[in-house]
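In order of appearance the chains are A, B, C, D, E and F, and numbering begins at 1 in each one.
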């Protein structure tokens, strides 16, 4: 019996959408007010979905405390109250769009989970805008 | 890397569930209080999910502003503060159940989006009742 | 010890904002798209707040089942799936703005509650627009 | 045209996570504070997703009132205000983890629905922890 | 400038509504299914509102970390994953209705906060039922 | 009949909590990770509550479109996608705590509303932390 176990988490951060190899006008045309050089920010809401078999002994797919701790170390401690462009190494050369942040979170989480699990990441940038990534 | 980008939107409208080719008793039997000839109404909450490849240059699957503008012209301007049965051409002969409204929104959105995108529409008729359609 | 006990409820209805003694242009100027003669509609979310002393015997201010039943008979049965302008007597001559609906609900609820209770009514017309009334 | 129709429901219950064939220390190690012998409890939020073809005549996949009634008889009447370990027969020998509760709800609902429908059950144990099951 | 600072928190617990000095029939008549002798449970959502002057130096009324820590020690550590009737001393002789739980939380929080602050406690027993207490 | 009319709005912004006249260690001690010199950010959710008499002619306390437009010009256009410390003049010398932001929004809104109205501002910095200000 395959079940998906889901955990919601939260972090807030500053970011700016732009490419260093484009001039300001080009960045402004593509990213508009998200290109503000002084940064803006969001409360990111995260849902991590882990799919696997129910363990017959425990009745768990994964212990929620274990999942919560991995989210804390891989995502919250790494991103919360940070400037994504300046302080998070993965975005030194990668534009921190919601899409790219979701892929980075997926990759970080995937490396810490048993490879038998399927993983999906949902990231809310605002209550009205969100993205979903589950690997290729 | 395929990612789903999601945008929430909102419209409110009046409607009545019934078939013109059925008499009142038959409509009442099937649609109950939703058959009120004086109409009733809802705040419809809409989620539009667009799945495609991340553009390497921008980091976007689709510019959220573009998606927001298509939702506005195809759904909000067409349905908001309207009587669906009387004022929205698609429902002249089609019963405006949540299922049918979702299919109509899907078709309208699909025609405006690049055909490479997969599309899914979620429509909340009330906070406790909703439907999902992603084409055949 | 005075405590406020609150109960959420829900109804959906069609309405039109206008005054019969104004011509269409005047109504359009003041009420805009809410003046649609074919009606539009909402999911109204209601919060009823009742304040009184905790009964030492039961630990209740008011039995939630009693409050729930009064809301059902006075509000849900009277307004749900109705056209407020046509089918609800209180709005035959009264414009069903959120403000006026809240006052009508307050008066109906007040007449059924022990006069020792203070009453407050919160009415959401949409998730972003709401009104509060607690009598004069 | 296949559409998913979804209905939210609610029940609250007490439970304890443990195995009778393990001693207290082993249960405490695996289930931590969820192993409290005096029980703890939750407001469980349930979403039932039913996927099928739109009926051309009615515009419905399934009449929401029918779905609501099945949820009431199979889930709410059976679980609401109950102690899952003591009073719900399915958990006499089965640990009532969120995963196992979702499977039990799926099986109960499945037996009452036309076999043409696909079924998926989402169960929130807390606003931050939830599970999803759609059969094998 | 007096501002109210609010913090949301969460705990889940089992409870039973009854009076030891009433027989089962009397308890059943007054408390209905909440009188289940095997207990039921809830996810309690708590909002603590603290009102005071803005400190000119810091711009804070109260440091949110301080408020969060008091809620943790006084409420979450004391009530979470507990059976309120059996394991929480305040309810040994006091019926754990939402009203009484809110008063107990108010009293515990009040004793730890500077007496210059006004305090108000909002407690959600379910998403539809909640109570508010702010002292006499 | 005095009624409160409420409108929800949204903006997102970057900020840093610190005082220029304190050294880094002192700021770190008081403001912790909110003192990040590279900034962090939030999705601020705003509720503006306006209390006044119902206009007998229109049934409105205030036209929601008017209120929405004032919020847009005074708050959203001024704060959205901005760095509060660098780009919003009111915070050049004022620490942008939630408390201080609420007071600034109150003062800006108050100056644009008829003085007969009472005003209250609720500002969510995160879904779990919020503040309320209604003038002295």
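Rule of thumb we're sticking to: a contact is a pair of C-beta atoms (placed from the backbone, for glycine too) under 8 Å apart; a residue touches a chain by one contact, two chains touch by 3 or more.
Just so it is clear, the model here is predicted, and its values are computed rather than measured.
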| item | value |
| --- | --- |
| Chains in simultaneous contact with chain B and chain D | A |
| Chain of greatest Cα-centre distance to chain E | B |
| Farthest chain relative to chain F (centres taken as mean CA coordinates) | D |
| Interface copy of A-D among D-E, B-D or A-F, judged by whether over half of the contact pairs recur | B-D |
| Whole-Å gap separating chain C and chain F, where each centre is the average of the chain's CA atoms | 29 |
| Inter-chain centre distance, chain C versus chain D - centres from mean C-alpha coordinates, in Å | 34 |
| Cα-centroid distance, chain A relative to chain C, in whole angstrom | 42 |
| Touching two or more other chains - residue numbers and ranges from chain A | 127 |
| Those chain pairs that satisfy the touch definition | A-B, A-D, A-F, B-C, B-D, C-E, C-F, D-E, E-F |
| Of all residues in chain F, those that touch chain C in their complex | 1-9, 49, 54, 57-61, 63-65 |
| Residue ranges of chain E touching chain D (in the complex, touch as defined) | 10, 12-15, 33-34, 36, 38-43, 45, 80-83, 86-87, 126-127 |
| Touching residues on chain E, where the partner in the complex is chain C | 17, 19, 30-32, 94-100, 102-103, 127-133, 136 |
